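In the two assemblies presented below, subunit A is common to both, partnered first by subunit B and then by subunit C.
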Partner chain A sequence: MSSNGPLLDLRGLRTHFRTDRGPVRSVDGVDLSVAPGESVGVVGESGSGKSVTMLSVMRLLPSPPAMHQGQALWKGEDVFGWGARRLRSFRGREVAMIFQDPMTSLNPYLKIGVQLTEAVQLHLGLDHAKARDRAAEMLRRVGIPVPESRLDDYPHQYSGGMRQRVMIAMALSCEPQLLIADEPTTALDVTIQAQILELIDAQRRASGTGLVLITHSLGVVAGMCDRVVVMYAGRVVEEGRTEDLFGDPRMPYTVGLLRSVPRLDVVTERLVPVPGTPPDPQRLPSGCPFRVRCPWAEARCAETRPELRDVAAPGAAPHRIACHVDITKAAPREPASGGAA
Partner chain B sequence: MGRYVLRRLLWTPLVLLVLVTLTFALIKAAPGNPFAMDRVVSEEIRAQLEARYGLDKPAIVQFGQYLGRVVTDFDFGPSMKFKDRTVNDIIANGIGPTMLLGACAVILAVAIGLTAGTIGAVRQNSVFDHASMSAATFGMSVPNFVTGPVLVLVFALSWKALPVSGFDPSFSLLPALGIAALHVAWRVTERIRVGPAGFSWGREFACLWLGLLLAAVTSVVTLLARSPTLILPAVTLALPFASRIARLMRAGMLEVIGQDYVRTARAKGLSETTVVVRHALKGGILPVVSYLGPAITGVLTGSLVVEKIFAIPGIGREFVEAALSRDYMLVLGIVVLDGLLLVLFNLAVDVVYGFLDPRIRYE
Partner chain C sequence: MSDAPLLSVKDLRVHFPIERGVFFRKEVGRVRAVDGVSFSVPRGETLGLVGESGCGKSTTARAIIRLVKPTSGSIGFRGKDLAAIGEQEMRRDVRRHVQMIFQDPYASLDPRMTVERLVAEPLVNYGVARGAALRDRVSELLELVGLSRRHLDRYPHEFSGGQRQRIGIARALALDPELVLCDEPVSALDVSIQAQVVNLLQDLQERLGLTYLFIAHDLAVVRHISDRVAVMYLGRIVELAPSDAIYAKPSHPYTQALLSAIPIPDPALQRARRRIALEGEIPSPTKEYKGCRFYDRCPVREERCRSEDPPLAEVRPGHAVACWVAAKTA
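Presenting the complex of A and B:
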């Protein structure tokens, strides 16, 4: 357990789901690390394996059908080697998770106070009264007015944004070292998305908590994350410091993603979507899974699946991509359809 | 909540009136009459009998007189089959055994069904799950009049471990009091251990429910242990209900266990037991609760076949005979009783629902 090593270090993590029609390879060899206090954005289309990767780390996927391979090292220990007791002291205490939909992630049958106090009673050993004080304090920190009286309310008496605040309070109440936020604003009204993201950012900075932010919004990542990991078809395809990746994307998929985002500083007639759809994880194409949608694809892309390689200038922070082609030199094909627009 | 219950209770007489009217019309429409016996009766005697019971008057008058008696004197009339007994007598005598047997069966069915269903859901596709669900399918599909005699054949006639029939209950409150004492001792020790700051009403209520359930089950076990005549009928009566409850509970729990909030609970690091008991049980039990209202009424009053097989002097048996012999008054009396219980238990179910699910509001 080295103190300067990464908090979380995934090495070749694979999560396959057993189905009657053969295995679904949702996560297919992910390498990813998070340093203490660092914030990492994980981006990708739906079905790229972002959430499954993090649920695998928390070991929250029922197994079977989920089958894990590779390693998920927490401070050097493999979480897949842990017994139930060690796992419980890890969940909630060392790593906490915020889920996508606050409407369904809080138990409708239990008072907010109960749901907030149970983790601190368990992990911090507080008695009932102290745990309630702690819960009220957490609610105040996330901006819920008159928190003492709201502890006895049920989730349906809170609005969607309020519930996500409660989820944040719950996740941070045991002072975890890492917070995993799985699309925390997708289910919320646009007007409160920014508030919730600011809250997560401010709270985690105040306590020095690491953050893994799963999202498909590149704008969110740009504002909040030190580093970005782009996932496609269950693998990491590009990874680097936020400014490197946004300023100089080197993987065609990332280029496509960035071009599909509206920008305020550039006048565009229309947005350019990434052509095609994500591949069926049960029938991945040979070689690079993105090649069928890729304007830079070459013959060798169909042969071998590219491994992650560092393309940063010597001495600079790592910037790794999984692509055979150097897009700074090669020219893209025009897309087969819609090219004349 | 109080006003809601009051309003429901005020509606009850109207519901019962509709029930009585329909039943009256039905039995009048059915062929036959209470005096159609094998023996040929002379016209004079027949006319006298009909005059004695008011059957010579038009049906609407009979109905009016019946309602009047029930409302003013709470008199459900004379039995037409048993010359010297009134319907009130028959119900008063039969309700005890029926309720006792019914309560035994309900508590057995709830205890067994909830346990089997919960374990089946938590250990889905385990050997226990497959075995209990097969047993439940069997228990639901085989009717009482088959299971009863088969149980008698095996346990009473071949094995001679239990009596064939009869009714000889004996009860002791001591074991239940023992449970109560243990409960108090448990609560006091925990209170001392955690100190006054650790006290919470929520936990106290949860523990109280556990204590009550244990005491109820203990009482039933005591009763059955002391009265061997009750064992086979109670098991026969409980079997289909336990099976149904087990299936409902398993389905309910499986649905809840798949919910996001159960995943949240696991992500907090709670133990599997806490996840199931605190987070899943309340939602998972709801389908069982809504089934219990009609089911309890059915068990309490509808044990017709079981009472007949095991010769238990309850009202279920009387009801079958009353219907077959066109004992109009007795049929009506038992239907009113049945309807009243149904209304009350359905109300109880709604109240329990309100306690379990905070999203339900009774204005």
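Presenting the complex of A and C:
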């Protein structure tokens, strides 16, 4: 594999869950790649498959019930072919993950220092004293005052924002090449949220770490990501450079999402909601899963599920959408009145 | 506006004692969740209440509807002081006129009740309707919120989050309230669904002449729906102004920091913005303050702010700020 290939390359990744009532197609054919040092935002509503995609890559879902198909290539090697030993060095050392709720990711019975030194002792082979120095250094870098004394505190002695800082310190302590952050600030207050996002951004820029930021907030990706991937019903429906996707969204779902959110800097008399509700992954409609909510839907949208296609101008950076319709030419139908959620 | 406001809150305080001891309970401190809040809401208006967790915005609403007992202050509503009347009078005369919509429609609906029973419950409790008239009223309410009579016999788990919130709204409107307290009504909903519920709340206000107290941490949503906005910090209102004014000319340093922290979904704009960083985190509401509560974190603090508590005072007509520095420069 050449060194300038993507770090992570998902090809037709599917994760279905076996249940008594039939399979749940949470991730249903995802193509997505992340280059070294790149920051990619993955946006979607709950149930769109964004978290399950990343949990599949980390091989964190027990199988069964999770059934994987397709490939998840890490520097050209398929993670689904790896044994336990290879996975151990992959997780934490090469790729680190931060979750939404730091309280559920930290062990309440262990001191922060113990939890921080565990990873560096294991992955970097540091002795106890060196590991402790490194842990204190990491805490300082994420802005925890008097880190030496806070190493002997337990997680409950930290505030929510501090705990998320600890998670970031822990994730970056082994200098991974890719950081996956799954809604890292959703549980935090606005001013703390901004601090944490800036911290993640500054730290990953300093070390050249790639970032996958999973979020439902369009504002967060607008400020932080080079590229944005929009997911709907287990698939990527639009993908492109952040400026292109926000400036010229081409998939009707993205258009609807951008239009429905009130903005702080713009006065709107009335919001334009996306009609209907997200689909049940157990009962996806035929063809395009968004068609039942889509003002541009045509007869062919019910027949075949659209594949991702590039709509960028020749020579421009790729801008791909999974949609049969060219919304720059077709006119939308007026949405039906009422539109009960 | 010559009419008296529908709701008029004066110097409201809600303190929760922290007690120690088994036989002889002794108060060792108190959480000052709400600590001197005053505002009024004219009929038909929406007042937005924003702030970070722990600022007292939900406790303020809960005190108005007496889910918690106010420690002191007054709550004027329909000629009564809700802070002074007893539990029975509250239930008999007041509750039907003030209703609440909660954040989590998964937690606030009894999973064992059908939609019909859920929406009928307040009507039955107050003996408003029975039999066929009751069923008709419930159907009417469901249609009002964009559901239909087909849904009468279903259970909450059969609905999506947005639909459940509609059921919660139908329930809150069953008794024709005048004042509706909306506590984070769209925060738990999917992004594409939030706009549907926001639009519904606006339509209902117009049709029924409702007055809203709208609590949320999402300032963009609050700006969109509110006529005026009150920003809370540590149990106090620090700024209160018409919603356009608060976004165009935020005057309290906390409001400025809060607004600057909210991401805007526009890459060029968002990257060019400068965030006002605040030192530290929100302090504990158990602490007592002589001066301004924001002193420790304030980027523009002066000596006076440490010792003297700034009152909420108008710096422009209709725009009030609790800040010595803002008062000077306005």
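The rule is short, and it goes like this: the second predicted complex is superposed on the first by the 335 of 341 C-alpha atoms of A that agree within 3 Å, B and C clash if a C-alpha of one lies under 4 Å from a C-alpha of the other, contacts with A are read in each partner's own complex, and residues count from 1 in each chain.
Definition applied: a residue touches a chain if its C-beta (ideal position, glycine included) is under 8 Å from a C-beta of that chain, and two chains touch if they have at least 3 such contacts.
Everything numeric in this text was worked out from a predicted model, so none of it was measured.
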*Putting subunit B and subunit C onto subunit A via the overlay, clash or fit?*
fit
*Go through the superposed model and pick first if A:261 touches only subunit B, second if only subunit C, both, or neither.*
second
*Take the Cα centre of subunit A as the vertex and report the angle out to the centres of subunit B and subunit C, nearest 10 degrees.*
80
*More residues of subunit A are touched by which chain, subunit B or subunit C?*
C
*Would you check which partner chain A:90 touches, where first means subunit B only, second means subunit C only, and both and neither mean what they say?*
first
*Based on the superposed arrangement, let me know which partner A:104 touches: subunit B (first), subunit C (second), both, or neither?*
first
_Applying the document's definition of touch, where does A:314 land relative to subunit B and subunit C: first, second, both, or neither?_
neither
*Looking at the overlay, what does A:125 touch: subunit B (first), subunit C (second), both, or neither?*
neither
*asked:* What does the superposition give for the shortest Cα distance from subunit B to subunit C, in Å?
replied: 10
*Which residues of subunit A are in contact with subunit B in one complex and with subunit C in the other?*
none
_In the complex with subunit A, residue positions of subunit B that touch it_ = 194-195, 197-200, 202-203, 259-272, 274, 278-279, 282-283, 356-359
*Of subunit A, residues touching subunit B in the complex*: 58, 60, 84, 87-93, 96-97, 99, 101, 104-111, 114, 118-119, 122-123, 127-130, 154, 156, 167, 170
_subunit A-facing residues of subunit C, complex_ = 52-53, 146-148, 160-163, 165-166, 190-199, 202, 217, 219-221, 223-224, 244, 247, 257-271, 273, 275, 277-278, 281-282
*Mind listing the subunit A positions that touch subunit C in their complex?*
45-46, 159, 161-162, 189-195, 198, 216-220, 222-223, 242-243, 246-247, 256-258, 260-265, 267-268, 270-275, 277-278, 338-341
